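Step one of this worksheet: look at the structure below.
To keep things simple, chains are lettered A, B, C and D as they appear, and every chain counts its residues starting from 1.
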Amino acid sequence: MTSALDAEPRPSSASAMDPAPRRTLTSLLLRGSTQAGLFVILVVLWVVFANLAPGFLSKFNLNSLLRSVAVDIVVGFAQMVVLATGGMNLSVGAIGVCAVMFSGYLMQVLGLPIPVAIAGTLALGALLGWLNGFAIVKTGVNSFVVTLASASLFSGGMLILTKAVPLNGLPAEFGAFGKSAVGPAIGSMPAIPSLAVVALAIGLGLYVLFKHSTLGRQILAVGANARAAEMSGIPVDRTIVFVHALSGALAAAAALMLTARLAAAMPAVAGDDWLLPSFLAPVIGGTALSGGIVSVVGTILGALLVSTIRSGLLVLEIGNFWLPLFLGAFLLAAILVERGRAAYVAREQARRA
Amino acid sequence: MALTVDKASKSFPGVRALKDASLELRSGEVHALMGENGAGKSTLIKIITGVHRPDGGRLLLDGQDVLFASPRDAIRLGISAVHQERNLIPRFSVAENILLENLPRRTGLVDYARANAEAKKYLEMIGLVVDTRTEVRHLSVAQMQMVEIAKALSHEAKVLLLDEPTASLTGEEADALFALVQRLKAQGAAILFVSHKLEEVLAISDRVTVLRDGETTLIGEPMANMTRGRLIEAMIGRAERIAVVRPPKAATGAVKLEASGVATAAGHRDISFTVRRGEILGLYGLVGAGRTELARALVGKDKLSGGTLSIDGKPAVIRSVEEALKRHRIGYLSEDRKYEGVVLLHPIRFNVAMTIWDRLARFLGFQTAAGERRATEPFARQLEIRTPSLEQSVGNLSGGNQQKVSLAKWLAAKVDLLIIDEPTVGIDIKTKAYIHELIGKLADDGLAILLISSELPEMVALADRILVMHEFRIVDGFDNDRSYEAMSRKVMGAIHRRSDEAVAVE
Amino acid sequence: MQVTRMRGALAVGLALGVALSPLAALASDNKIALVPGGPHPYFAPWEQAAADAQKDFGIAAVEYKVPAEWKLELQTELFESLAAQGYAGIGYFPGDAVGVNSTIAELKASDIPAVALGGCALDPTDTAFCMATDVYASAYLGTKALIEAMGGKGAVVHLAGLLVDPNTTLRVQAVEKAVAETNGAVTLLQTLGDTDNQEQGDQKINALLAAQKDQIGGMIATGYISSVVAATALKNLGDKKIKLIGIDDDKIVLDGIKDGFVAGTMAQNPYGQGYIGAYAVDLLAEGCTVKADAPFITTPQTARFIDSGTLLINAANLESYKDDLKKLTGELQASFKDKFLSCP
Amino acid sequence: MGAFFRLQWSGILVGIIAGGIALALSAPAFLSEFNLFVLLRSICVSLLVAYAQMVMLGVGQMNLSVGALGGLVAVVTGGLMDALGVPTLPAIMIGVAAGGAAGFVNGWLTVRTGINGFIVTLATASAFAGINLGITKAVPFYNLPADFVAFGNGRVGLFPLLLIVPLLVTVVLALFFARAVPGRHMLAVGGNAPAAQLSGVSVPRAIISAHVLSGLLAAVAGVLAVAQLGSAQPTIGSDWLLISFAAPIIGGASLAGGAISIVGTLLAVVLIGLIQNAMVLVKVDPYWVQFLLGALILAAVWFNRYRAIKVGEI
């Protein structure tokens, strides 16, 4: 937020004015985007953790890391698409809980086929998100307040209807999918968990949406400057309703992944637990809270960074009760390093201009 | 107090903003700083006021080297500026904005009674009549500009920098400001005056410094030696183009838009007019006459509360800007470039393509950056937007180039009727002439244009007919005979007649 | 800073250690972890229990590992990380009775046995068995005790824990059953949910007392924090007319019993759960299996339930209940292997 | 009446009065001295928490660590009293000072590293929570001085003694933001940071001061929570985040910064407290509580928005 003070023009990535950059290794590492910086930090962390704690690269740990990060990524996406318009969705977790229970209801109580249940759950998520968007556009109340209240409405409604009774008689195939993996295991590297593949596929879809579609461009235009977008004939209200519906559907997708992973539907997951992670991944990854800038790759890397640090600390047996302290410190350090790198790049560019 | 900038340089990532620029400002003079948009004037001002630190060169105050860590240091040493951007706190009162860094206090708390009294003193100096307790966000743009000037005065500055202070002022207000500038000069202040309006500069400045591409091409030349032509040459590196005057033309195209008896919640009553294809219809009026509000109602941003519109001969209701664009082929180029014209975060091609995404979209709405580039490049080239690449963020462009991007967007949209609101405010001479020429050409190509401007010369040069708006009504209309004298008499006559009538009725 | 509060548990541990030391014959090189659902004072005795079990049973290591927050996700990550570090077995309190099962299944697939302690995972589960207080029975017995304290008539309020916890539903049913058995002599005035959080609980319980102090004859609290908050509220109010039966032996609740503001509390046996749990997990990791015909109890949650012992603490046994629990733990441990496991 | 509805918080006040009257009619116990005492006591901590966030919104930033910071101060204060036997007043002072220091860390990191305050406070929240758990191992500190606990439970008629603190803070904050130069500078930075900077206001100083103030307020909230609960619980603060944003924003603060309302925040806290009190009073089915809470907050905000449009504020 302090960036509003920097009156300097922002550096444009890969500017055509860049005269023959030096092709040394350091310059290659130091140039480029936030996402590239995060990637380097991630690689360094992985090397360090793998060397310090052999357990870190064990099949078991990697497998679990990838599966839990897959859910975090999709939760991050659910927040990211709303952040793109400069709004927020505090009800991602509540929609997630509703979707978890609804999917269980469709599969176990109604006995619907899995694909139908998945479609139904995604539709419910989209519907709840649509309600958010509709209320925001119609009342003009900002998204923070509307989704704060609707989070309470949604999870309250879920409690009334389910009385929090868990459903653990889901079809076996559904749970099996949560455990399954794609591709062969190579050496100590495990096969890629199906859930991670799903997260990547969703990421690819969003990447295409923002990079190669009209709708994605409209979302970014609305986020960067809603007034200019409206005055250019872009349907601002419809765009906002759409991102909230999309956010709801993504929250439902994350909920389905979680349900598959746990092989059961219960209300104690998601909810408030998703709130901070949903912001953490996109914002670390370079998505602006003020709207107009998103990074799908950054969100994936952001979620990976948080999970990597936590997993590394656990494997190293650092902290126990003190673990959150180290997690916060490491996170801050990682972001500082990336920030320092970006500042260095900006200085270099200015020097060469 | 004398302020000297000696060979200052400043670079930003990807941009070399200043290169060995020099300036010498003496007390008791009005010194003009001129240059095209992007020539480095704002950067130079920001160095003088301590916002930026120069990469090289020296800053001297009365011969002593100085280094400002922040604007606070500059203010403390008696340097004060009225910047181009709106630099007021919207929810603070007029008095508090004026005295922000120097609020009078009693026993540690702000003494608002004294603050109001003090602020009033400065408002009186510039002849602005508003309650000092009003929140600034309730003021008009012109009033805000005056408050900014009052704020600079409150610093009792020895060096005063005015960056485009008259951009949003009416003629009378500007005259009052110039009178004040002369008074301050007489009191020994050094005044640096930045403006695009050559007439103003020639009228009130003693000396002039000119920047071109970050370098100083003239340093402190006495104004007495200058001519309009020499100034322009120093600024753009070649002689000025001949001012564009569109030949008079009778409107023969089909009627694109007909408004009859239009009324709005903003206060418009009984607005009726027609615009034909191939015609430039001017809508002249003072700031606050209700022109922009009318434009917004016409493109569906605000609701009509009465009257009807007919488009291409058929009755029409426009519910949104989207509908105006897509169904009725009407576009609106906003006067508020930064807030309504362009999306600063995004690249040029993104901005220009905004109005045509629907058309660019292929299967299921897919499209690519390459497609956008292909579609927008002709317009960027046609408008001579100065940039190395269409991927440049619009936020990195100068004001003139931003305006061109905003215009390119509407060229690309291929609308039938374009409402153009104050297209050349704060734009340098070269770009201005260019934009004038373009507007004429668009009309010749069959576009219907509704041109809103408070600059009468612009109106007289371009419009085929001129409607005069005053207090949310159209008070008169004339065919434009291209004679500035005659038109000016007619237009002002219409406005004053109306005001006199209002007085008589009361 | 831990010293003072650890003193009680330490005493118990030392006493047990002395009593049971002859059993520390079969040394194992297993690393065992005791994992609660999250940070919570209920589990504090587990740290001592882990240390004692390590010493008494000659286990290579018994570690007390706490998830950073009370979130299933974090507990799952901790389990998997423990597996990656080569832990041989885990005793845990389920972060969620259902959600924990898929991870437990994976642990089992990697030959890491798991035992639920203090709370049960819902069947079907790969958890070897559950050793805990039966939540349904405990709430039922507590309500019975409350009704008795109230003289068999009056109005009861149920202060329940987190609504998203399925155990809450069981407790609500148990309280309703006990009340129904009085055939109308006792009525259930109100059930207050989500009181298992200090700040929210404080507000809700006080508001309840403000509204209906005169109608309420007794309160049954079925959450740890609910009990603490209710005891504090009654003490602040100076009201001894309202009878309160709580759960667990938090210091504030015990003080309430001493001062006469709390009628009693349903003690569980966290130390015993941790201590015997570590012992059992070690044996399972050594290759023992659960006997098919072991005398398990069937509860609404699981068919392989072992009662770790519960008793009502009231003014009468306030001083002696720890010895009673100790005795219970000793007895349970002594016969545990023969009763429930078959070892090679 | 017209002037009244022009006030930004008039909608909330109407909601409180209407709700109060409805409650008094339907549940006579509502107006009992003890219930009013309970209601007032329940808003003490929330109010300070809301102020802690409101200060940050004023300067255009957020503090996601209010809860973790308050919890840390709670256990530090409790630990000093219980484990180290420090007398009440010095323990409180050290605790509150620690809160201010933690706020300074937040502010310093935000300003000096240029990292978004949102991320900084998210990370420090984790760090503070880690210290809290490391100190306590999740076990509360029980043995607090009797006078301190008595203060948390004492009352004069229907007024809890605790209420003195938030009332005092309200008056001081109102004065600070309305009349004190540093307070005005914070709001100026929140309203238009570049403009404030050009006017010679030190933006970094304003941001750091706001973080320190926010830390102090969260710390006081933590200490009050300890006094109110009678023990230093490590879970204090764990559910402060939502109310900290909800109250100032319902009360009229803008997420964009520069616009805050102390009266609005105060009323919003009272409204939320009233709704929660009502849920218990009228014996709402526990499974419905959350649903109704959301519906009522939405209704209140919606009404306020409607009112704002009617009086032409927007």
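Definition applied: a contact is a pair of C-beta atoms (placed from the backbone, for glycine too) under 8 Å apart; a residue touches a chain by one contact, two chains touch by 3 or more.
A quick note: this is a predicted structure, and the numbers were derived from the prediction, not measured.
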Of all other chains, the one whose Cα centre sits farthest from chain C: B
More contacts between chains, C-D or B-D: C-D
Separation of mean Cα positions, chain D and chain B [Å, integer]: 44
Whole-Å gap separating chain C and chain D, where each centre is the average of the chain's CA atoms: 34
Distance from the mean Cα position of chain D to that of chain A, given in whole angstrom: 29
Gap in Å, rounded to a whole number, between the CA centres of chain C and chain B: 73
Touching two or more other chains - residue numbers and ranges from chain B: 51
In chain A, residues with contacts to at least two other chains: 7, 159, 163, 321, 323-324, 327
Contacts with two or more other chains, residues of chain C listed in rising order: 39, 66, 68-69, 163
Pairwise chain contacts under the document criterion: A-B, A-C, A-D, B-D, C-D
Residues of chain B defined as touching chain D within the complex: 49, 51, 70-72, 75-76, 81, 83, 85-92, 96, 100-101, 103, 105, 108-110, 112, 151
Residues on chain C engaged by chain D in the complex (per definition of touch): 1-2, 4-5, 38-41, 43-44, 47, 66, 68-69, 160, 163, 190-194, 197-200, 202-204, 206-213, 225, 228-229, 232, 236, 251-252
Footprint of chain B on chain D - complex, ascending: 175, 179-181, 184-185, 187-188, 191-192, 194-202, 258-259
Interfacial residue positions of chain A with respect to chain C in the complex: 53, 55-56, 58, 60-61, 63-65, 68, 159, 163-166, 168, 175, 178-179, 261-264, 266-269, 271, 273, 310-311, 314-315, 317, 320-321, 323-324, 327
Touch list for chain A against partner chain D, complex: 1-5, 7, 90, 135, 139-142, 144-146, 148-157, 159-160, 163, 275-276, 279-280, 283-284, 289, 319, 321-329, 331-332, 335-336, 339, 343
